[in-house]
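Here come two complexes built around chain A, the first alongside chain B, the second alongside chain C.
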Partner chain A sequence: MAVYVDIRRCIGCRSCEVACERVHGGRGHVHVHFVGDSASVPILCHHCEEASCAAACFSGALHKEGSRTAFEVEKCTGCGLCSLACPFGVVWTEKIAHKCDLCEGRAEPTCVTTCPANALTTDFDLLSHRARSRAARAVATGGRR
Partner chain B sequence: MIRIDLRLCIGCLSCSNVCPSQNILRTETAEERRILWKRCREECDLCVEHCPARALSLVPFDEAVPEPEASFDLVACRICGRRYATEPMLRRVEASLPPSQNPEWVRACPTCRRITEAERATGEMVAGRLKRAPGWGGAE
Partner chain C sequence: MTKVLVPTVCPYCGAGCGFFVSVERGKAVGMEYMPGHPVSEGALCSKGNAALEFLRHQDRLTTPLRRRGEGFVRISWEEALGLIARGLGDVIRRNGPGGVAFLASSKCTNEENYLLQKLARLLGTPHVDNCARLCHAPSVVGLNRTLGAAGMTNPIPDIGSSKCIFIIGSNLAENHPVIARWVHRAHEDGAVVIVADPRETPTTWMADLFLQLTPGTDVALLSGMAHVIIAEGLIDGDYIARNTRGFEALRESVRSSSPERISEITGVPPDDIVRAARAYASSPASSILYSMGITQHSTGTDNVQAISNLALITGHLGRPGTGVMPLRGQNNVQGACDMGALAEFYPGYGRSDDPETIRRFSSAWGVPALPKGPGLTATEMICAAASGDIRAMYILGEDPANSDPCSQKVHQALEDLDLLVVQDIFMTATARLADVVLPGAVWAEKEGSFTNTERRVQWSSKAVDPPGEALSDLEIIAAVGRSLGIDLGSPDAASVLAEINRTVPQYAGITRERLGEGGLIWPCPDPHHPGTPILHSAGFKLADGRASIVPVRYRPAAEGPGREYPLLLTTGRVAVHHNAGSMTRRSPSLLRREPDLFVEINPADAFPLRIAGGDPVLVETPRGGAEALARLTDRVKRGVVFMPFHFPGTNRLTSEATDPEARIPEFKVSACRIVRRD
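This part shows the complex of A and B:
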C-alpha cells in the first residue's frame, strides 16, 4: 500500500502537510511543492518496491514489510544514510529518521482522509479509473481535459 | 575509552546520537562537520556497536592519549549548491545501491530531489495548462 496522488486534483492547500504533522507530533513527512503558479503536488514516500532507504540502512531499522517500507525506531541510530539514499528526498533525519508510516494504527493515512480535494488515495484502481475517464472525456470533447 | 580509525569514519554522527553520556561532541557549520570523541571512562559500547563503518573500538583508559577529532568538508548539492553531506557518506550510499539504478540523485540535496520530482510529476500537466493560458482555470 502507498498513498497515490492525483496531481490534477491537488489545490495546494497544504492540509495534508498539517494533518501529517498533527499525527506525528509536529514532524511531518509530506511536502507540498509548487511548480510556478500552475501546479502543486504533495511529495511523499512511495514505499518503493526496491527501497533505496532500506538498502542503505545498516541497522535494519528501515526494511520492507510486505508492500510497505517499515521503520523500527528502536533500531535507528540516526546516521542519516537513508535520507541521502531516498531518490525523492522524503526521508529526513533529526536524531532519528522520520518517514511516512502510512499512519500505522489508523484505518487510512491522515493525509488521505484530510485532503479536501480528494487528491490523495490509497486506492490505485480509483486513480487509474479516473485517468481512463479523463482520457475518454478528452476524446469526446476534442482534446480538452 | 574509545579508539577511532579515522580512515573508516564516515562522519554520520551515529555514535554521538547513541552516546548516553554525551561524550561525543559535534559542531557543524555550513561548510564543515567536526566530531570530537572525549576521553570517557564509561564501560559502555553503544557507540562501538552502532557505528555503521565499524570505525570505533574500546581500549583501556589512558590519560596521555589525545582526544581524537575528525573534520569533514560538507559536499555541495549539484543543483542548489547548499552543503548537505559528507563525501564518505555519499560514497557509502552510492555503494549500497545497485548500479543499474544509476543513482545520480545522491549528489543532489533532499530538497532539490523533491523539487525535481515535483517538476517531473507535473511537467505534462503544466505544459498543457500553460498552452491554454491565459484561459485555463476559467470557464469550462
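This part shows the complex of A and C:
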C-alpha cells in the first residue's frame, strides 16, 4: 500500500500537512510543493519496492514489510543515512528517522481521509480509472468541452 | 479512562463540515473525522484540522475584565453585569434605547443570535446587525428581490451533478476546500468548469475556461454573457414565460453589451465571453457559485441580481445540478441572518418596517410594542458611533476594529463610546477598546444549532467546559438580560430552539429531536417535513409565483487607478487563515505556514519600483498605509495587487465606499500605490 497523488485534483490547501502533523505529534511526513503559480503537489513516501532508505539502513530500523517500508524506532541510531539515500526527500532525521508510516492503526492514512479535494488515495485503480476516463473524453470530444 | 467522541460542527467556514472532538477526563485530547457527513464525507481542511489549537490556547479569556487606564483588571461576573446594566441604563435614560447598538455574531449558534436580537429589540433598539453585512448583505437584498429567498438554492453535494459550473468571485478551493471535491466530481463526469476571477488561484486551476477580469467589472461581464445568450437564442423562452417577469427590460439593457465592448471594460477576450455564455446556457444543468468577489463591491447588489438574471433567462433553477449558490464565509452567517440579527429583518426575514411583523413578534414575546426598523447596519453603527448618535455598543464575537474598512476611523469611533461591551474568546483588537470584556465559549464548549451555507441546520454538541470562569454565550446573554430586568427564559439551547420553532416559519419543523446526523435543510415548515434541499422547484415565493428579472447597468467601482494611486488593490483570503485571524493566527500549525502580511504584485509592476520578491514594502491608499512583504507573481495581472485580510493592516487601506442598498463596503477595489520601505 502507498498513498497516490492525483495532481489534477490537488488544490494546495495543505490540509494533509496539518493533519499529518496533528496525528504524528507535530512532525509531519507530507509536504505540499507549489510549482510556479499553476500547480501544487503533495510529496510523500512512495514505499518503494526497492527502498533505498531501507538499503542504506545498517541497523535494520527501516525495512520492507510486505509492500510497506516499515520503521522500528528502537533500532534507529539516528545516523541519517536514510535521509541521504531517499531520492524524494521524504525521510528526515531529527534525533531519529521520521517518515510516513501510513498511519498504522487507523482505517486509512489521515492525509487520505482529510483531503478535501479527494486528491490523495490508496486506491491505485481509482486513480488510473480517472486518468483513462479523462483521456477517453478528450478523444471523444477532440479536446473540446 | 475511556475516550468519548462528541459530534460538532466545524467553527470555520460556511461549508458546515462535521468532526468529532475526542474527550478524555473532561479535556479535548484530539479529533476524529466524520465519514458519514453529507458535505465533507470525513474530509477537513487545514483550518478544521487545527481547530483544537485555538480552543486550548493560553490567550483564551477566562474571567470578565474591566478597563482601568490603558489596561484591564479582572472582575467578578456580578460586577461585570452591574457595570453593563448601569452603563446601558445611563445611555438609555439620556439618549433613549436608540442610543444602543448590538452586533450579533456569525460565529455563534442560532439560539445565541436569536436571543441577542431579542434582547436588543426588547430593550427597544432597532439597531442589531451582524457581520453578514460585510460578506453577503447584497445576496440577502438581491436574491430576496429576484428569487424571493436569500440562500443557496441547491445543496453542496448537488454541485456534483452539475454539467456546467460557473464560479465567479469565489476562491472556493482555498476558502471552502471541501466544495472542491464536488466540483471535481462533476468535472470528471464531463461538466465544464468556468472561473471568473481577477487572480489566478487554486480555484482557477480547476477551470476549463478562466476569465481574468479587472476587479469591479462583474456586472459588465455578466451583462456581456446575457447579451450573447439572448442574441444567440440560447434563452429558455418557456421558463421565462412561465416563471419570470421583466425579461424585456433586461433584453433592452444588455443590447449594447457586445462581447467586444465588454472585453474593453473587463479585459476578458471577446471569444472567451462567448464561450462561457454558450457553455452556461446550453448545458442541461448549470450552476453559478459566487462569493465575496461578487458581493464586496459598491455594485454588490447589482452583481447578485445580474447572476440571478443569467440563471432565470436560461431556466437553470429548481432542478438538481442547477442553481444560484452564494458561498457563505462563516459557520453560522446564514443562521445569524435567519435569526433576525439584521437591521432590516426580524427572525425568519419578516421585514422590520412591516407592522404585521412587529405585531406578530410583540404577541410572541408578550410585550406591548417593539421597535420598528430598519435599524442601523453594522457599518452605519460605526458612523453613528463616530457622530455620537450611538453611545453604547454590545459586540458579540466580532472584531470590527480589524474587519471593517478604514480601521483607524473604526478605532476612534469605538473608543469614543460611553460604553463598549465585547463578549469574545480572545482579547481582539475590538476587545482592547472595550470598557467591559466578557469571556465566552468556543464551538465545542457549548451546544446549539448552526446553519451552513446550504441552509442545512446541524446540531453541535458540547464536548468540554469553557476555561476558567468563561460561560456559554447563551448563559451570558440571558444574564445580561436579567441584569437589565428582561427575562429571556431558560438559557438552554433546546428551549430557545423550541421558541424558534414557534416564531420562525422556515424552522418550524427543525426541532431538537430531529437534528441527528446530517441535520435538516430549511424551509422545513412542520415536524414531519423532510426539509427542502432544492428551492424554487415549484415557482417562487414572490407575487404571483414569478421571479423578477431586474435589469442592471455597469457602473465603475467607486475608486479607479489614477496618477497618485496607480494600482488597484483587491483583498481576499488564503487557505490557512480565516477572516480577521484571531483564531488562525493563534494556531501555530497555520501561522507557521503563512506568518506575515504579504502583497501579490505582478513582476512587470514591481520592476520599475525596484521591488524584488520578499522585499518589505509600504502599500498606501488615501486612507492610510500598511507594511507587507512583496510577493512577485503572475497570479495577478499588471495593474492589480492583492492582499489577504487576515492580518491587521489590510483594512487600514480599504475603501469606505458602500453599496447604496446593501451597505456593504467595497473591500475588493481600492486605488493604491506601493513603495519600497527603505
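Keep this in mind: the second predicted complex is superposed on the first by the 143 of 145 C-alpha atoms of A that agree within 3 Å, B and C clash if a C-alpha of one lies under 4 Å from a C-alpha of the other, contacts with A are read in each partner's own complex, and residues count from 1 in each chain.
Throughout what follows, a residue touches a chain if its C-beta (ideal position, glycine included) is under 8 Å from a C-beta of that chain, and two chains touch if they have at least 3 such contacts.
On a predicted model such as this, the values are computed, not experimentally measured, just so you know.
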Once the shared chain is lined up, is A:118 touching chain B (first), chain C (second), both, or neither of them?
-> second
So, A:79: does it touch chain B (first), chain C (second), both, or neither?
-> first
Partner chain(s) touched by A:55 [first = chain B, second = chain C, both, neither] | first
Among the partners chain B and chain C, which is in contact with a greater number of residues of chain A?
-> B
Name the contact category of A:89: first (chain B only), second (chain C only), both, or neither.
-> first
Kindly classify A:38 by the partners it touches after superposition: chain B alone (first), chain C alone (second), both, or neither?
-> both
Have a look at where A:17 lands relative to chain B and chain C in the superposition and call it first, second, both or neither.
-> second
Figure out whether A:5 sits in contact with chain B (first) or chain C (second), or with both, or with neither.
-> first
First (chain B), second (chain C), both or neither touched by A:137 | second
Doubly contacted chain A residues - partners chain C and chain B | 38-39, 145
Across the complex, what residues on chain A touch chain C?
-> 9, 11-15, 17-19, 21-22, 37-40, 113-118, 130, 133-134, 137, 145
Name, in rising order, each residue of chain C that touches chain A in their complex.
-> 30-31, 33, 35, 40, 42-46, 48-50, 173-174, 177-178, 180-181, 184-185, 188, 190, 192, 200, 202-203, 205-206, 208-209, 279, 575-576, 589-590, 593, 633-635
Across the complex, what residues on chain B touch chain A?
-> 12-14, 17-18, 50, 52, 85, 89-90, 92-93, 96-98, 101, 103, 105-106, 109-115, 117-119, 121-122, 125-126, 128-130, 136
Where on chain A is chain B touching in the complex?
-> 5, 7-8, 31, 33-36, 38-39, 41, 43, 50, 52, 55-56, 58-59, 77-81, 83-92, 95-96, 145
